[in-house]
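Listed below are the structures to be examined.
Here come two complexes built around chain A, the first alongside chain B, the second alongside chain C.
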Partner chain A sequence: MAENILTIEHLTKRFGDQTVLQDVSFTVQEGEVIVIVGPSGCGKSTLLRCINALEEIQGGEIRLRGELVRKDAKKLQEIRQRIGMVFQSYELFPHLTVLDNILLAPVRVQKRPKEEVREEALALLARVGLTEKADSFPRQLSGGQKQRVAIVRALCMHPEIMLFDEVTAALDPEMVREVLDVLLGLADQGKTMLIVTHEMQFARAVADRIIFLDDGGIKEEDPPEQFFEAPKTERAKEFLKSFTYTRKNKGRSPGGKNENIT
Partner chain B sequence: MPDLGLEVLWKGKNLYRLLAGLGTACQISLVSAGLSILFGIAVGILMTWKNPVSRAVTRCYLEIVRIMPQLVLLFIVYFGTTRIFGWNLSGELSAVIVFTFWGAAEMGDLVRGALISIPVHQYESAEALGLGELQVYRYIILPQTVRRLIPLSINLITRMIKTTSLVLMIGVVEVLKVAQQIIEANRMSSPNAAFGVYLTVFFLYFLVCWPVSLLAGALEKRWR
Partner chain C sequence: MFSEMFMKLWENGLIQMGIWETIYMTVLSTAISYCIGLPLGVVLQITDREGICPLPVFNRILGLIVNFFRSIPFIILMVAMLPVAKWIVGVSLGNRAMIVMLVIASSPYIARMVESSLKEVDAGVIEAAQSMGTDNYQIVRKVLLPEAKPSLINGAVISMVTILGYSAMAATIGGTGLGQIAISYGHQRFNPDVTWCCVFLTVIIVHIIQEVGSRIAQKTDKRYRA
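Let's look at the complex of A and B:
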């Protein structure tokens, strides 16, 4: 049986009086791809931010291979190096070139030799089709290109788990695919990933397991086929319905014949 | 052409003295600007702290500097503190102290503005990569801050150069003082010298400040 990389137990997160996450527990196994879905404001992004200790938590615990992840943990920096995170708004460093963006943390934080990291970075850039952009500045890239660079930047740290926080939400539709293809490629290589997304088709294709989060709690945890074909809870059914569109009287009363209008 | 009294510049070492005076002015403003930038960064970082004490102190400091005319500050330091504490301050040193006191506050406010204009996500994505607090500042926040800051701070530096004209009031012989001396000495022989000499002073200030402004423009373009 595969090893548990991430264990979350009874996680509670509050902003002031407002409870955002309540008693959330789940585990992630090595090589597993988990997609977290749910309506806006259900706490998905907050959950990811807690896992990287960008948010303080008010209850429960998060462990990465047994080690406590907390904002005040002594080894927080070391733990964060083992968790890769990609944000919705890319957050490349605008004053550094693409290559320097990628090299910064491995060279300065992990103290790896620059040449070795450079080679790896270029190889990764090639894999996402951005070799010729290595010396460009972020402002010269499209949204989709920036997001691919952000993914490479996180990958270059050799994280044990990758967190993706709505990485396509800020992209134009035609750029969504180039980013999601990269994610699919990573899944195929056996990367352990936690993905928050609103792209349901993609979720279904990439996930080993779907976690449905609503009202700050896990309402369903299913293999994707089951979740999308036969969700157990009413909330999940409603949520999935919000992605399908139907027009009631399509085909009737084509232009001009307006017998229905009085 | 009317007599501008420019001929006094060629008398004796007058032009050389004028340039030396300009040198003194530049020296005071350069040293002060350098120190202002150094202290201003510290003040600016303090200003962004949520700690109410550091907020109150830096706030008061900034207000004092803004309300108090630089000339009053110069008098307080040069005439006031020397009397009370019994120490000896040269005019130049007093000027540097006052200009740094003034510059650090204004610079601090610029630094504060530049720092808070950097989105919180920049800090977070750097932290998420495992950078420590100091590394986040050193590699991510400060370089971006400096780029935003330089055009603004150059404006402060040119203002500082121009304000050195006040230090003649505490006995520093800078370009304006030399100009006055030259005019005084030639009042009988060239009564029109006031115009020519001050005109020269105007051009000298312009010659110093203009390249600085050009530099600001160029840097702004390059780092946009």
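Let's look at the complex of A and C:
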């Protein structure tokens, strides 16, 4: 039986008097890939931000291998190094080159030897096809390239779990693929990942488990096949329906106005 | 073409001396003011409610002190701070006292300039750094300050020009520089050419500061295509 890396129990998050997450509980096991889906504003991103202690929580607890993750935790910095996070809008440091972006935290925070990290960073960049961009500045990269750099930056910290917060939401369609391919590769290597996404086909392909979040709570937790083929709740069915398009009267209506157009 | 007074001042090297004294006062005061104003600005920014180390009460008190010094007109501050100058540099007259005045007046001003430069740094980038486990000191040193560098340099140019302007009031407490030459030899002895010469020289100095500063700021800015 694989070990539980992340345990979330009865998590409650409020902004003022607005409750965003209510009694959310789940666990993530080593090597597991969990995809969180749900309508906008259901609290998916907030959930990830809580796991990295970027948000204070009002109830429940989050534990990484038994250690409490809280904004006021004494070992917060140490715990955060073990949780990699990739953001929707990349958040690369604009004044640093690609390589320096990646080196900053491993060298400054983890105090690892610069040469060793450099080699690893270059190897990782090669794996995502960005070797020749090592000395570029973020402004010289496309969105997809920036996001791949951001993923490498998080990977280089050797996190025990990676959080991906809608990492393709800001990308042009043809760039979505290059980023998702990187994620699929990581899943194949057995990385533990928690992914928030709106790419349903990708979710189905990559996930070991799907968590459907709606209205601040977990409404379904299924293997992907079951979730996409036969969701249990009405709300999930409705949600999935919003990704398919059908037209009531397809083609030219017989005897319609279009007849004369050649 | 030039008045007798101008020729005399020029031949005795007083105008040249004035240029040097003005530059000396301005540069030294700016440097010392930044030693105080930069950390003060950083503290104001990070202890803000939205900052990385929120301390609302402390921030409010510090803000009030800074605002207090910023709201006193320079000429009044100068008179009020004479005992302080005496205490720090041993005299309450002359250029050394003037530098103390300039530092007292511009440090809070610079603190606010620094604070507003740091506020421009994208909050998302700071969160990214936090998510990697950086502590507050590392965020300030490695993210906040480098990220705000072009804006900080632009702020320094503005501050320096302001300090240069203040330094012209040195004559009030027996200091020297171009301001003093313009007042005592130009204005008080009816030699408009001396006054205008000082104006012209000041314009050139300001222009050089501005030009050099803008270039450095542009060079350090990696955010946009050059």
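The rule we apply is simple: the second predicted complex is superposed on the first by the 252 of 262 C-alpha atoms of A that agree within 3 Å, B and C clash if a C-alpha of one lies under 4 Å from a C-alpha of the other, contacts with A are read in each partner's own complex, and residues count from 1 in each chain.
The definition used in the following text is that a contact is a pair of C-beta atoms (placed from the backbone, for glycine too) under 8 Å apart; a residue touches a chain by one contact, two chains touch by 3 or more.
Fair warning: this is a prediction, and the values are worked out from it, not measured in the lab.
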**Request:** Please tell me, clash or fit, for chain B and chain C sharing chain A in the overlay.
**Result:** clash
**Partner chain(s) touched by A:54 [first = chain B, second = chain C, both, neither]** = both
**Request:** Go through the superposed model and pick first if A:68 touches only chain B, second if only chain C, both, or neither.
**Result:** neither
**Asked** Which partner does A:80 contact after superposing on A: first (chain B), second (chain C), both, neither?
**Response** both
**Request:** Answer with first, second, both or neither: which of chain B and chain C does A:137 touch in the superposed model?
**Result:** second
**Request:** Determine, under the contact definition given at the top, whether A:95 touches first (chain B), second (chain C), both, or neither.
**Result:** both
**Request:** Using the superposition on chain A described above, determine whether A:104 touches chain B (first), chain C (second), both, or neither.
**Result:** both
**Message:** After superposing on the shared chain, does chain C or chain B touch more chain A residues?
**Reply:** C
**Request:** Could you pull out which residues of chain A sit against chain B in one structure and against chain C in the other?
**Result:** 52, 54, 77-78, 80-81, 83-85, 87, 89, 91, 93-95, 104-105, 108-110, 150, 153-154, 157
**Complete:** The chain B residues in contact with chain A across the complex are 119, 121-122, 124-132, 135, 139-140, 143-144, 147, 223
**Message:** Residue numbers of chain A touching chain B in their complex, please.
**Reply:** 52, 54, 77-78, 80-81, 83-85, 87, 89, 91, 93-95, 104-105, 108-110, 150, 153-154, 157
**Asked** Which positions of chain C touch chain A when the two form their complex?
**Response** 122, 124-125, 127-135, 138, 142-143, 146-147, 149, 220, 222-225
**Prompt:** Residues of chain A touching chain C in their complex?
**Reply:** 52, 54, 76-81, 83-85, 87, 89, 91-96, 104-105, 108-110, 137, 139, 150, 153-154, 157
